[in-house]
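In this document, chain identifiers A, B, C and D correspond to the written order of the chains, with residue numbering beginning at 1 in each.
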Amino acid sequence: MVQIAKAIDEAEELGPDYADLDATVAVDLVAANHILAHNGVLDSFGHVSIRDPRDARRYLQMQAIAPRDVTTADLITFDLDSNAINARGRPIYRERFIHGQIYKMRPDVSAVVHSHSPTVIPFSVTEKPLRAIFHNGHFLGQGTPVWEIRDDAGEQNNMLVLSNELGRSLAEKLGNGSVVLMRGHGNAVAGPDLKTTVFRAIYTEVNAKLQMQAVMLGGPINFLNEYEEKKSQNVDRPWHTWKKQVGAV
Amino acid sequence: MVQIAKAIDEAEELGPDYADLDATVAVDLVAANHILAHNGVLDSFGHVSIRDPRDARRYLQMQAIAPRDVTTADLITFDLDSNAINARGRPIYRERFIHGQIYKMRPDVSAVVHSHSPTVIPFSVTEKPLRAIFHNGHFLGQGTPVWEIRDDAGEQNNMLVLSNELGRSLAEKLGNGSVVLMRGHGNAVAGPDLKTTVFRAIYTEVNAKLQMQAVMLGGPINFLNEYEEKKSQNVDRPWHTWKKQVGAV
Amino acid sequence: MVQIAKAIDEAEELGPDYADLDATVAVDLVAANHILAHNGVLDSFGHVSIRDPRDARRYLQMQAIAPRDVTTADLITFDLDSNAINARGRPIYRERFIHGQIYKMRPDVSAVVHSHSPTVIPFSVTEKPLRAIFHNGHFLGQGTPVWEIRDDAGEQNNMLVLSNELGRSLAEKLGNGSVVLMRGHGNAVAGPDLKTTVFRAIYTEVNAKLQMQAVMLGGPINFLNEYEEKKSQNVDRPWHTWKKQVGAV
Amino acid sequence: MVQIAKAIDEAEELGPDYADLDATVAVDLVAANHILAHNGVLDSFGHVSIRDPRDARRYLQMQAIAPRDVTTADLITFDLDSNAINARGRPIYRERFIHGQIYKMRPDVSAVVHSHSPTVIPFSVTEKPLRAIFHNGHFLGQGTPVWEIRDDAGEQNNMLVLSNELGRSLAEKLGNGSVVLMRGHGNAVAGPDLKTTVFRAIYTEVNAKLQMQAVMLGGPINFLNEYEEKKSQNVDRPWHTWKKQVGAV
C-alpha cells in the first residue's frame, strides 16, 4: 500500500527520462504490478510491461525486483530487441525478451504479463488444453497453445527465455491469441491495453481453477462455443476496484 | 470497512427519493454487498437487490460498481421490467433483468443475488446436479436446475441476461426453488428476505465445495433426503456476525 | 482481538455466579472459541464447552452467539441433562445435548467441541473412513465412527441433536474415541482438557485435508499403525501460539 | 512483525555467547522462522537451523517455541551430536537430531529446515514420487526419497526422530539430495545457505501443489528432465521480498 502512495508522489518527479510521460501511465504500471501480486498471479517473480505511449518501438518495464515492491522510480525503457535504454546499472529482468518479441510481432498489443500463475502451470505439463469454461475466461477461446522450450533449445536447456530467438519462438506460438502457456514454467498474456491485460492474467488463473474442478467432477465439460468466446468484456469495473484494493485510487 | 461507516452516516441523508425508506434497509443492502464480497461469493461483478418495502412492484439495487465499494448513496429504484426510476445518469447493471423477472414471477421472493460464486460454476458445465450434501445446504434440495442460454438465444449468444425475455426464461427455470445455475456463467439465488438470501448465496458455495470433495473421495454420496432438506434454518446468528465482520454493527 | 482484551478485563468481574471460578478458565474458554473460529473449524455455528472445574456434574458454555464474538460475560452453567442453571433469558445452543451426554458417559472427558469443520463433512457422507494419516492426527486412530441420525430419528428427522436421547446415541457412537462424525452435518471432538480438545478439533480438519489429497494422488495409502496412533502429543506449544494469534496472551 | 523489530534491537545485545557472531546472521535466522510460518510451511511445529559460521562443528537453532514467535534471544548452540551448549534450562526441539546428522554427513550443507509442509505429506504415504514439475522446483530432481521410520524403529515406533541413530538414517536417505520426505510426518530440506534452503522449503510445497493438480488433470505428466533440473536459481529476489513481508528489512 505504502509503495503506491509513494509512487503517486514520485510521479510528479519522474525525472528527465519521463518528463514527457503522462504520470498516470507510470502509476498504473506500478498498480498493475501490485494488483497481480495481490491476486496471486505474480509471486517474487514475473513481470509486467507496457508499450511506450510516446514511441511504439519501445516498451517500459520496472527494474528487476519483486513486483509487489516496485515504485515509479523503478521505470526503465527498452527497445524491441530488449536492450535497456536507461538502466544505469540497475538490474533488468533476464526474460524481458518475451515482452520485446511480442510487441514486435503484434502491433495490436500494448501490454504484456509474464507470470508463474499457479493453477495454469499444471495445464502446461499435461494434455488437456486450457479453454474458456466461463464467460469471464472467454478470451482463452477454444484452447491455449503450449510452448515447449525443448523444441528450440533442445533437451539441454535451462527453462528460461534468455534470448531474442527464444522470445520470437514464444511470440510465434502465441500467434494472434491472448495467452500462451510455457511448459513447466508459466505463461505470457497479451492485450490491447494494460487493464485488459491485467484482467486476462487474473481470469486465466480463475478459469484454470474452474476447469480443474470441472475435470474433478467428471466430464464431459460444456465449454464456451466459438461465438460465446467473442463476447465483449467490461474491464473498467474490476480495474477500478483492484486499484482501490492496492491503494492506487 | 470505512464504506459501511460512511453508509450509516449517509443513511440519515438518503435524500428525497428515500425519505420514506427505513434507513436500516439501505444500510443492510450495503452490508449484504460487502458481506458477499468478503465471503468470496461476489468479486468485481455480481449484484444484490431487495424488493422495495414501500412498493412490491419495484426493487432496489446499487448503481453498477463493484459490490465491495458500494454505499447507500448508490441506491437506485427499478420497476419490475427493470427500468430505472431514478438513475440520473448513473450506470446500472446490464443483467438487472434477472432480478425484475424473478420478483415478477415469485411474489414470495424479497431478495435476489446474482453471482459468479466460483465453486458453483463447475456444476453448471458438467452433469452431476448440485444437491444438498449437509444440513446448512438444505435449501438446495434434491438438485438445482441449470439454465442454458443457448436454448433461448441460440449458439450465437453473448452469455449475458440482457433482456426481459432472457430474465423470464431464467426465472422459469428457477421455478419454486432457491437457486438456479447459469451454464458457464454463475447462479441466481432467491429468498423471502435479504438475510436468508445472503445465507443461501454463501452456503451454496460452501455446499458446492463439500460436494466436490465428496466426489473426489469416491461415491456413492449420501445426500439429504426430501424431509431433511426442509429443516428450519437460523439465519440471524450468521447475519449478525457477518455484519460485524464488515463493520456494519 | 478486542474481544479477548475485553474478556481479560471482565474476568475480574465475572459476577457472583463465577466468583469461585479461576478467571483464567473463563478466559481460556473465550480463547478456544476465537482460536477455532480463526482456524476455520467454527464458522457462525458450532460450540465449545468445558466440564465445570468446580463441579463435575456441570459444564460451562457460552450463550448462543457466533463463537468469534463471545466474551466471558457470555458464560452459562448447565447440568449434564443440559438444563441451563443461569441463562436468565439469554439464548442457549439448541444442540447442547451433544455436550451433556458426552460428559455423562465419559468421566475422562473435560472439554467438547461440536463443529461443521469443512473438510471433515465429505467423509461423513462417503464410505472411506477418516483415519490417522500423519503423526499429528494420531488421535483419529484406525478410523472414526459416523453417526447416522436416521438410525434414531428416522427418515423424517431435522438433522439436529435436539434431545438427550439423540445426544446419548451420539455419545455411544463416539465410544472411547476422540472424534465422531455426524452424517451430513459435522463432528464432535472430546478430550481430557480444553487445549488437547482444541488441538484435536484443528488437526482433525488438517488430517482430513491430507487424506483427501492422498486419495487424489491414488492409493494405496500408508496410514499410521496401531502403535503409531498412540504417540504422545505436545499440545502446549500450539495452544500458546494460537492464544497469541487471537490476542489472548 | 514486532518480533523482528525487537530482534534487530536485541541483535546489538546478543550477550556474551554471541558477541563474535555477525548480528545479521541472528536476525536472518529469526526472519527465516517467520517467513516459513508466514508462507504456511511451518505451523506451531518444525524448526530451522544454520551451521555456526564461527565453527563448522556446531549449529544454531532457536529454543523450542513456535517458529512465528521466535526472537534472537532464543538462540542456542548445539554440537553435531545435538547436545545443547548453552540451553541454560530453556526447552530444545526433541527432533534436533535431524539437523546434527545432516550437518555431519553433508559438509556442503549450511542450513536445514524440518517441516510438516502440508501438501508434501500426502506424497509420503502414497506411491508417486514428488518430482520437479516446474522450473522453480528444479532442485527436487527426478524424485525425492521417502524415509520410513519403521525400517529402523520397527512397527512399535513413535513417529519421531528422537536419537542420533534415527537422525543418521534419515540423513543417509537424504543422500546428496535437497529434500527427503518422512512417511506420515513431514520432510527435511538442506541447502548451501539459509536463503537457498528457505527457497527450497517454500517451493517444495508449491511444487507439491502443482504436481497434485497435474495428477488431477490426468497424466501423463511432462516433468523436468535431468538437464533442466540443474538450472541456476536466483534466490536473492524472493529472499528480499519475503524479509520485507515479515518486517525484517
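By our rule, a contact is a pair of C-beta atoms (placed from the backbone, for glycine too) under 8 Å apart; a residue touches a chain by one contact, two chains touch by 3 or more.
It should be emphasised that the depicted structure is a prediction, and the values quoted were computed from it without experimental measurement.
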Given subunit B and subunit C, the chains that contact each of them: none
Reference subunit B; chain at largest CA-centroid distance: D
Equivalent interface positions on subunit A and subunit D, same or different at half: different
Subunit A-subunit D separation of Cα centroids, rounded to whole Å: 33
Whole-Å gap separating subunit A and subunit C, where each centre is the average of the chain's CA atoms: 46
Subunit A: positions in contact with at least two other chains: 216
Chains that touch, pairwise: A-B, A-D, B-C, C-D
Subunit A residues touching subunit D - in the complex, by the definition given at the top: 43-45, 64-66, 68-69, 116, 118-119, 121-123, 125-128, 150, 155-160, 183-186, 212, 215-216
Sites on subunit A touched by subunit B in the complex: 133-136, 138, 206, 209-210, 213-214, 216-225, 227-228, 231-232, 237-238, 240-242, 244
